[in-house]
Structures are given as structure tokens and as C-alpha cells.
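The structures considered in this document are given below.
Across the two complexes that follow, chain A remains constant while its partner is chain B and subsequently chain C.
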Partner chain A sequence: MKKKLVSLIDSPGFLSAMSSISAIVLGLLFGFLILLISNPGQAVQGLGIILQGGFSGGAKGIGQVLYLATPIIMTGLAVGFAFKTGLFNIGTPGQFIVGAYVAIYIGVKWTFLGGVQWIVALLGATVAGGLWALIPGILKAYLNVHEVIASIMMNYIGMYTVNMLIKRTVYNSLKNQSMNVAATAEIPRFGMDKVFVNVKGNLMDTSTVNGGFFIAIAAAVVIYILLNKTKFGYELKACGANRFASRYAGINEKRTIVLSMVISGMLAGLGGGLLYLSGANGRHISVIDVLAEEGFNGISVALLGLNNPIGIVFSALFIAYITLGGNYLQRLAFMPEVINIIIAVIIYFAALSLVVRQVIMYLRRRREQRAAVKAAASEGGAQE
Partner chain B sequence: MEDYVVEMLHITKEFPGIRANDDITLQLRRGEIHALLGENGAGKSTLMSVLFGLYQPDSGEIKKDGETVRIDDPNDANALGIGMVHQHFKLVHNFTVLQNIVLGVESTRHGLLKMDQARKRVLALSEQYGLRVEPDALISDITVGMQQRVEILKMLYRDNDILIFDEPTAVLTPQEIDMLMEIMRGLAKEGKSILFITHKLNEIMAVADRCTVLQRGRCIGTVDVKDTTREELSRMMVGRPVELELKKNEAHPGETALEVRGLSMWNRNRRKKLLDNINFHVRKGEIVCLAGIDGNGQSELIYALAGLRPIDEGTILLSGQDITRASVRKRNDSGLAHIPEDRHKDGLVLDYTLEENLVLKRYHTPAFQKHGFLDFRAIRENAERLIDAYDVRSGQGAATTVRSMSGGNQQKAIIAREVDTGSEVLLAVQPTRGLDVGAIENIQRELLNLRDQGRAILLVSLELEEVMSLPDRILVIYEGQIVAELDPKTVTSQELGLYMAGSKREEVVG
Partner chain C sequence: MTVSGIISFLFQQTMFFSIPLLIVALGGMFSERSGVVNIALDGIMIIGAFAGILFINFMQDKMSGQLLLLLAILVSMASGMIFSLLHAFAAINMRSDQTISGTALNMFAPAFAIYTARMIQSNGVQQVEFLNTFRIASVPVLGDIPVIGPLLFQNCYITTYIGFAILIVSAIVLYKTKFGLRLRACGEHPQAADSVGVNVYKIRYAGVMLSGALAGLGGLVYVIPTSTNFNATVAGYGFLAIAVLIFGQWKPMRILFASLFFGFMKTIAATYTVIPFLVNLGIDTYFFKMMPFVATLLVLAISSKNSQAPRASGQPYDKGSR
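Up next is the complex of A and B:
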């Protein structure tokens, strides 16, 4: 029994989970610091609210956590998947928003589809996200343009294009946002509206959560299987780890790079569809010149989840939980801007501390080289 | 009291699943050349890494000049005057040769690099020791052989006085090895102390004063080289007598398996022909050796045959089938196996496990996947079979990450994989590089077996002994051309050397 425990503690999976958890603790501590600075009197109470997260909102609150987790599971998967294959897809905001727009467009306009409208809308979102990632993928594979640069450009192109298209096609000018999608385009609730609801007398305060959450979970499972159990996953990871050896093995590494980017983009695009096909109470695209935060949060999610699909589901849930907790801070005397900062600080600080840890590990591996250089440098000085 | 510069006393180092060093004691005298001998995976590199501060021993003590020292990192090692040339080089690939050598010891004046002075010094060193390098070439563009020379120059440039060479000769040509031996003798005479890992007993007999033998992590003993023989050394390290002479039967070549006609390749800026009208063939049931000094086009030719580099003119036929434009996958699947020159760049995915690497060429075949899903049972069974057959040693068997394996065992894994594909044609580039004598014996016997079973083998070797003993025909390549076809039974090594150096040639037709 004891031996089992020791081997569990020694196992790499446990160690990496611990590193994520300690990163989260660090993030929370830092968040608390900001709370102290901005409103010392209510800082402790504020931290309590954040920690209570979604739970302070009752059953509906938990539903909202799932709703908010859904899109960032998808963008987290997008980033994590690409990373496993050696690519840094920082283009998730663009892919996400393009997917979202296509989903909304189909959801508003193609009512003739009837009951399958939501499915087609989600498919459209997936395809759009994939296409948006295709360009950086091709540039990377065939012209050796770094995917980070290409996908950042695609982010801005995507955002401005979508803003323009919304205004032309599915614009609710009263609220400066996209229109409500048709009822047949809403993702079915699968009974979740019965569970995640706060009943106050006759009033039903229902969560916006819907079957999209299950779709995101399914996507995580599919990606897990794809990466770990299939021939294609073997190729993808091999290309990420060693391009030359992959070529030697007969893998078409250019095609693999393109496909990897496309799949990553499809995940992010689907995430856009899952968030926005959610009825009048759900989210709408606001026509503002800001990149979709769900896209960037995908990076934090992937980092905290250590790029593991299952880990990503949990880290997305955590971030959604904290985000919601942060929103409840409005009950205290915190300004909304400060709340946003606090949430962002917790998320990014946690993610960052992981990055720092990884950098340290990386440096340690190379320390022999660096140390040799340093030692030699002091020696060189003596020679002067 | 003996005058020891470095003493490593009762060093023990464990890795998951394996005790790489088990109570090893090694004492280095001032000014001696001390060889370290042992089978692949015996723990030689680990022991040297402990001395260089890359690993901390679990127990044991290190003394420098009689005083106990702590070597926490290579920084400390360097401060103690300990330098190391690694088995796998540590060069910055997008830097030039010169930049790599002076990296970290740049002299500056007013914040500007004084590269001229550095260049002069590097050129002088390279001249003095006969280490031919192109100072302005990028590391990524030069051959493995030249990279090795850069590594050695780096150490000489830093004036270290305890020099660790981890298999420095594995990639050098015979001439270069002779020169290196000279250098090492010279350095020792100047009072530098050298630790020298090699698998080549001749080299130990030629330069070393003493030799410490390791076997599976344990120290078997230290012997004076002048009182021992090659046979004795190999028996000590393997634990059984080893056949140092290769016995082989007559070859019975059959039909042509690989044919190359008029193959030419230009360099990137199309100024120079790297390969110039190459014609030759390899028949089933024979071993043909492509002999030449490193950098004369043999790497490019193999890359061209394997489909890893496009050619400009010519035709390549595999069992009569034109594969000139075929993809790498197509070539692999139609019967071309390839033991590559650079095992880390091309041959292995270092972050994959041993079992994953053992199916690198065949994961896509029905034997290892069904409907796109990998068959992990089959992959594991395949690995276990090959590990057993080729004696691939590692800490955690099939599940070991290849990065953590010893160099020789990585090589054995590649050989196992490539030989096992059952391909008609095998391109074997320095197949026995980095292997211990026992393993070399096994691999060479295996190659002869394959030949007798009717496979066609194109061997590239820099090892003169191997060139003279293994093949049935020798093709000499010089400056991108095949300048002679020789019979190993009749040619002398001096004559072969003349052809390889380009001072003699004959008209050959393919």
C-alpha cells in the first residue's frame, strides 16, 4: 500500500499534475496580492468569493461554469494538440471567431435546414476554423514561415473580417452585436436545463449551458485517441519531435504539418460554434476591435493542462470556475476592470509560472553547454 | 604516493531500471593517456559525465590533485581544467565553425569581437594538429567528421589540461585517427592528462598507457597496456573470447538489385558538382563498399539513393524498377533499408520510446496497425524480439526513451530495425560505428549472413579494417566521382589509401 503510494508520487503523471496545481496556487496568491492593493478591506472576502467560484451561483452557477468551460476546452485542445505536434498555434483567436461567425450566419439564415440546422452550423464553424489555420500551415510547411507570425496576422484579419461581415449580414444594431440564432440552430440542452437551474418560486433562472459541453468532452476524447492510439497520431508526434527522422521514415512531413494546423484550427473553430449557438440568453459576438479572449485563454488552458487532452478538460473547468467567481466579485466594491485584471492575473500567472518552470527545466538540460560557455568566458577574460 | 591528477573513488550512479556505475574507482596519473573500455551501455559515458559535472553521483568521491572536490556542473569542471568532447556533439548548428570554437571565449575590444585574432589562433591550431576545418562554414553544412574536428579544436582552444575524449575516433578517417593519436601523445608529453573512451583496441594499444575496463557498470580492473594484448582486453570486457578476425565464405552474387546510372548532384548554389556522373551497381548476395575520405560525396550519394535529397541527373533502379522520383515511403516499401550516417538527426526520434523507434519504418504496415489504429501488442512483441536478437541494452527495455540510451545501443536499435525490414537492398552507412568489439563481431556476421541470404548491401565505411575485410568489392569515391573499383582480396591498404587520397585513379565503368 505504502509502496503503491510512493510509486504514485514518483510517477511522471503525478509530478506534472503537481506542477500544475502549484502553478494555480501561485496564481491565486498573486491574485490575492492584487485584491489587497485594490481594496484591502474586502480582499479576504473577495478571495473567498473567487475560490467559491461557480458554486456561489447555485445550480445555475455550476451550469455556467460548464458553459464557459466549453469554448476554452476547444481552444485549449487546439493549442495543446498543435503543441504535441511541434507547432505553436497562437492563431486560435482568429480561428475561433471565424468559426463563430460561420456558425451564427448559418444559425440565423439557413432556417430551411430545420432540425439539423445546429449540426450544419457546427460543421460550418469547424470547417471555417480549419480553413483559417490552413494558410499558416501551408506557409510553415512549404515556405518555412514561422506559424506564430502567420497566425497572428490571421488573427487580426479574422477579427476585422468578422466584424465587417456581422455588420453586413447578421447585425443587431441595437446592441452592436450579432443577432440571435434560430431556435433550430441552438444546440440542444440534453436535459441540462432541468439540472442547472435555480428555482425561485415561479421563476426559473436557467443556465445557458447546453449539449455543447458534451461535444467538447467528446472532442477531447477523440483528440486523446487520435494522438495516442492511431497511426496518424504517431506521425504527427514524430514530425513534432524530429522532422528529419520523420522524413527518413517516409512520413510526408509537409502534409503532416499542414494537417496538424488544420485540425488545430478546426478545434478552435468548433469552439466558436459551441459558444455562440446558445439562444437569446447566451453569448453574442460584440462588434469590437478586440481579439477573442477564448482564443488566448486556450493557451493558458493548454499550458495548465500540460497539453494533455484530459488535463485540458480539467484546466478549462478550473479557469471557467475562477472566471465566474471573479464575476461575482461585483457584489463587493470592486470595479469591473479590476475584476478582469484579477482573473487575468490568476490565469496568466499560473500559466506563466509553468512556462518559467519549463524554461528552467530546459535550461537545466542545456546547462552543461551554457556553463561550459560561461566558464570559458571567464577564462577568456584572463587571457586578455 | 602516486601522482594522480584526478581520482574517482567508489562512484555509483543509478538511473531508472539500471545501475550505470557501480562502485567504480578510476585514478588518472598526470601526463598519462588512460583508456576506458567497456561494452555498449557499460557506463563509460556516464562515468565521464560525472567527472564533467553533468551527473551527480549517488555516492563516491572525486579528488583533484589529492583534494576532494565537488563538481556540480560543467562550470566547476572547466574551472578545474577539465574539458570534454562528447560522444554526440554539442555544436550550435546555425553558427559557423569559428563562432562555435570561440563561443564564450570571445576576446573583445571596446565591446567589439576581435574575430581576427581568434581566427588566427584557430587556424594555427588546426594547422598544428592537422584538424582540417572550414572556419566560415555553418555547422549544419559540414560533415559529421568535420564537426568532430571542431569539437576537438574547441577543447584545444580552451587550454584544458584534463581532456576527456568520448569516442572521438568513431567518426574520423584512418589518417585522421593516426593524426589524433599523434596529437594525444604530444599533449600527454606536455603534461596534459587524457581520458580516452574508444571501442577500438588498436587505438588503445597504440596510445594508451593504462586501460580501465568496465563491464555492466562494474570496474573489472585497470591494466598496463604494455603488459596486455588485444585478445586479453576484449576477453576482459566481454567476458568471453572474441573473434577479432572476420571469417567469410565466397560470395555468390546474383542479379542486380540496385543500379545507379549517370547520377549527378550540384550543390545549393549550383557552383560545384557534389556528385559527378556516378555509375555503379550492387548485386544480390554481395557487399559493395563505398570507400573514401569523409566529405567526398558519399553522404550525398546515400541521401540521394534514400530519397532524402533530390538529384539533378541520372537514374536509380531498385530491382529494375525506376525509383529516381519515388518518395521516401515508396522506396522504403519497395525494399530499401537504410542505416543512416547521423543516428540522432535521421535515424531516431529521440523522444520516442525504443519500441516506437523500432517500428519507425513499418508502423504503417498491416502488421502494426489496423484501420489506422496502432497495434500496441504487436509493437511491443516486435520490440522484445529485436531487443533480444540484437542485445539492445537499456534501463527499461522496450519502454525506454531512446534519448537515455547509450550511443552504441541506439546504433544497435537502428541496425535491428533496418535489417529486420527484410529489404532487398541495405544502405549501411558506418553500421558498426560506436559498437563494442563483441557487437561489431555480431553485426558483421549478421551482414555476411544477409549477403549469403541474397541481400544486396551497399556499405559506407571509414574504417580501413572494415573496408578491407567485409565487402566483396570496393568502389573508391573521390571528389564526387567513383575513381576506382578494387578487389579487397588483392588490394593493399596503402594502395587503397592512394586512391582515396586522389593521387591514383583508374577508369571505371559502372
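Up next is the complex of A and C:
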């Protein structure tokens, strides 16, 4: 038993998880520092609200955590998957919003589909996200354009295109946002509305969470299998590790780059569909010239989850959890943006994970040395 | 508006959009040619603009005009430089992934600007207002020169001339000084530079700090002529500056032309409503908004095939490795 524990602690996965967790702790400490500077009297209370996160909102709050986590699991998977294949897909805001638009368009207009409308809408979102990532993929593979720059340009082009198309096709001009999707286009609740609800007398305060969360989990499992259990996944990772060696080994590295961008974009696009196919109480696309934050949050989620699909699910839940906590912060004299500061600091420390790992290694070495000294001493004692 | 009026108006507007791109891309050049990719330019611009505008907001009761602007410029440069130290530390000392630490800075900057603005302003809004007392209607003597006067010396800001001065100084520093030679060596082959006694870490710190100062300045220069408040964003200008840097092939003069090109695109997008010819085309306003980004993509697609970034750019330098 003890041997098992030691080998667990020594495993690289544990070390990585520890570096993520210490980044989180440092980020929260920094956030606390900011609260302390801006309003010393309520800082402790504020940190408490952040840590309490979604639980402050009761059963509905937990449901909202799952609802907010769903899209960033998807964009996190998109970024993490691309990272594994050696690409930095910073284009998730564009792919996400394009997918969201196609889902909403199908969800509003194609009512003739009946019961399968939501499925077709999600498929449309997936395809749209993939197509949006195809362009930077091709530019990267065949024309040597850095995928970061190309993706960033595609983000702005996507945002403006979607705003234009919403105004022309599915516009709710009263609220300056997209229209509600048809009832058959809403993702089924799978009974989650019965669980995540706050009952106040006759009032049912239901969370907007729906089956989309399960779809996101399923996507994480699929990506995990694809990356770790298939030949195609192996080729993708080999390309990420060394493009030239892979070419030498007979992998078509250009095709691989394009495909991994497209798959990454499909994940982000599906995320857009999952967030917005959620009825009148759910989210709508606001027609403002701001890039989709769910896309950028995917980067944080992936980095914190160490690009591992399972890690990504947990880090998305964590980020959704403290984001919700940030919303409750407004009860005190604090602004919710402190959460974004905390997330940024966490990412910064995650980037410094090297030093964190070094500290852990150092501590471990010292522990081993101490153990060795102790063993030597007790041996000496036994001899006497 | 007369035709010549439109031309000089477009020219002046192009300067407002080009000069910040020029300054920030030159900053990026110093960082990349020392071997550190600085994707954090956008965030540094936000911090620089925020600090500078906040300074103006606090001081505008006591002073105004060019002196206030010059002081704000110093504040912006200093804050950008300090903020960039975070990136330098991660990239140089910690040898961490430069794209990731840059992304962290980009995420931190707007959140910090919004949070601080809302906490310290009594009205609790994220916009920081300022009075624009910096516009020069016409430079004495020079503004009266025919043709050139209206183009370059009327309705302008001193930041335009500062931008051109930075361009000239940058070109000289990069190509004609000992420091420039060492900087380029560290970006191409740091081991070789180290072997002849150049302190690679120091040079790279200098490169990143220069990029921080210039990006901070660029943020302020972007906001002043185009707005009357700072809203925690520079509209993706830091990323456009990186595209300008690549399109400009990491060389000062080419960066100038690249930034003029993008500045012109942006000008068309922002001001097409005053140009009768473009309004008559009846194109959706969103197409004009997209145009600078589409043009960037097309230009990169054409020009990147043989583009050569500094060889060691983005690679952490480890004394022990071979």
C-alpha cells in the first residue's frame, strides 16, 4: 500500500497535477492580496465568497457551474488537443462564435426538422467551427503562416461576420442579440432541471444546465481515446513533438497539421452550439464588437488541465466555479473582474511550472537524503 | 468636403492608426531580435494606455497641453516596461513557454485595468475619461507649407513625430551600434554570442524591456487621437502589430511600410462614411470593419512562404545546452 502511494507521488502525472494546484493556490493568494489592497475590511469575506463559488447559489448554483463549464470544456479541449499536436490554436473565440451562430441559425429557422433539430444544429456548429480552423491550418501547413497570427485574424473576421449575419437573419432588435431558438432546438435537459433547481414556495428557480454537459464529457472521452489509443492520435502527437522526424518516419505532416487544426476547431464550434441552444433563459449572442470570452477561457482551461482531456474537464469546472463566485462578489464592494486577474495569475504561474517542479524535486531530494541519514543513524544505533 | 480636403483628412487619420502600430511593432522587433517572442504586446499596450490615461485624468486639472502629454508618455513607457519584466522573468530566467506567459499577460492586463478603474473611480465605471488638449491645429511655419503642410503639420499630435523619431533611432541602434549587433547575435545564435563574452540574459532583458516601453507608449498613442476615454482595450492592436512585424520581416524600414499599409486599411474601415465613393458602393459596414484583418491574412499568405524569423526567437537560452 505504501509502495503504491510512493509510486503515485513519484509519477509525472502527480507532479504535473501538483504544479497546477500550486499555481491555483498562488493565484488565489494574489487575488486575496488585491482584495486586501482595495478593501481591507471585507477581504477575508470576499475570499470566502470566491472559494464558496457556485455553492453560494444552492442547487441552481451548482447547475450553473455545469452550464458555464460546458462551453469551456469544449474550447479547453480544442486548445489542449491542438497543443498536443504542437499547434497553439488561439482561434477558439472565432471558431466558437461561428459554431454558435450556425447552431442558432439552424435552431431558429429549420423547425421542419422536428425532434432532431437540436442534433442537426450541433452538427452544423461542429462543421462551422472546423471550417473556420481549416483556413489557419492550410495557411500554416502550406504557406508557413504562423497559426497564432492567422487564428487571431480569423477571430476578428469571425466576430464581425457573425454580428453581420445575426443582424440579417436571426436578430432580436429589442435586446440587440440573437433570437430564441425553437423548443425542438433546445438541448434536452435529461432531468437535470429536476435536480438543479431552487424551490422557493411555488417559484421554481431552475438552472439553465442541460444535456450539453454530458455531450462535453463525452467529447473529452473521445479525444482522450483518439490521442492515446489510436494510430492517428499517435501520428498527431509525433508531429507535435518533431515535425521533421515525423516526415522522415513517413507521416504526411502537412495533412496532419490541417487535420488537427480542423478537429480542434470542430471542438470549439460544438462548444458554441452547446452554450447557446438553451432556450429563452439561456445565453444569447449579443451584437457587440467583443471577442467571445469562452474562447480565450479555453486557453486557461487547457493550460491548467495540462492539455489532458480529463484534466481539462476538472479545470473547466474549477474556472466555472470561481467565475460564478466572482459574480456573487458584487454583494460586497468588489468588482467581479478580480476573478479574471486571478485566472491570469494562475496561468502565469502555470507557465512557471518549471520552477514549481524544481522546488518539488528539491523537497523530494531533501526528504530522501533525510531518510537516508535517518536510516544510516538507526543502523548505527542497531550496531551499538 | 473637397477632394484635397478628403485626401489630407485620410492622410491625417492614417497617421493616427499607423503610428501606434509602428511604435509597437518596433518594440516587438527589439524583443524578437533578442530571441524572445513577445505575444504580450497587446496586454502591455493596455497597461501603458491605462497608466498614461489615468495619469492625464488625475493631472488635467493642474496642467494641460504638450507638457501633460509628455509626462503621460513617460508614465506609459515606464509602466509598460515594468509590466514586461514579468514576461522577461518567465521567458529568460524561468525558460517557460513564451507564448503561454505572454497569453497570461494579455489576460491580466484588461482585467486589471477594468478592476482598478472601477475600484478607484468614484462613479465605478470602467471607462477612464480624459480631456484632449493635445491636438495641434497647425504647427507654426511648417503648417503653412502648401501640400506638405496640410498632410503632415496640421491637425496632428506630437506623438506622430515621436513615432518617426523612434523609427530612426531604432534603425540606428539596431544596425550601427555595438548593442544592436549583440542584440541581433543573441536572436540568431545565442551560444555564439555567449562564447565571445556577451551576456545573453542581459541583452534579452534589454530587448524585452525596450519592447515593453515602446508597447506601453504605443497604447497611449493609440488611444489619444482616436477616443476621449480609455475602455480597457486597444482593439487587438497589439496582435496587429505582431502581424506588422512579420510582414515587415523584422526590419525597421519594412515595418514602417507595413504599418502604413495597415493604418490605411484601418482608416478606410473607420472613416469610409465620409468618402462618397465608398458609401455609394453600398457595402455592409461590417465588411469594412473586417477588411484590415482580411488584408493581413492575405498579405501574410503571400509573404510568409520565405519569411525568416530570427533563428533563436522563442527558444529559451540555456547556458548548459549545446
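The criterion applied here is as follows: the second predicted complex is superposed on the first by the 334 of 384 C-alpha atoms of A that agree within 3 Å, B and C clash if a C-alpha of one lies under 4 Å from a C-alpha of the other, contacts with A are read in each partner's own complex, and residues count from 1 in each chain.
Following the convention adopted for this analysis, a contact is a pair of C-beta atoms (placed from the backbone, for glycine too) under 8 Å apart; a residue touches a chain by one contact, two chains touch by 3 or more.
Quick caveat: nothing in here was measured; it's all calculated off a predicted structure.
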item: Touching partner for A:345 - first (chain B), second (chain C), both, neither; value: second
item: Partner, of chain C and chain B, that touches more residues belonging to chain A; value: C
item: Chain B versus chain C as contact partner of A:204, first or second or both or neither; value: neither
item: Which superposed partner A:116 touches (first chain B, second chain C, both, neither); value: neither
item: First, second, both or neither for A:238, with chain B first and chain C second; value: first
item: Touching partner for A:247 - first (chain B), second (chain C), both, neither; value: first
item: Overlapping contact positions on chain A, where the chain C interface meets the chain B interface; value: none
item: Interface residues, chain B side, partner chain A - complex; value: 52-54, 73-75, 77-79, 90, 103-107, 158-159, 306, 308, 327-333, 338, 340, 345-352, 356, 360-361, 363-364, 369, 372-374
item: Footprint of chain C on chain A - complex, ascending; value: 34, 38-39, 88, 90, 135, 139, 143-146, 148-150, 152-154, 156-157, 160-161, 163-164, 289, 291, 296, 299-300, 303, 335, 337-338, 340-341, 343-345, 347-348, 350-355
item: Chain C residues within the chain A interface of the complex; value: 39, 86, 90, 94-97, 99-101, 103-105, 107-108, 110-112, 114-115, 118-119, 236, 239, 242-243, 246, 284, 286-287, 289-290, 293-294, 296-297, 300-301, 304-307
item: Of all residues in chain A, those that touch chain B in their complex; value: 229-232, 234, 237-238, 241-242, 244-252, 367-369, 371-377, 379-380, 383-384
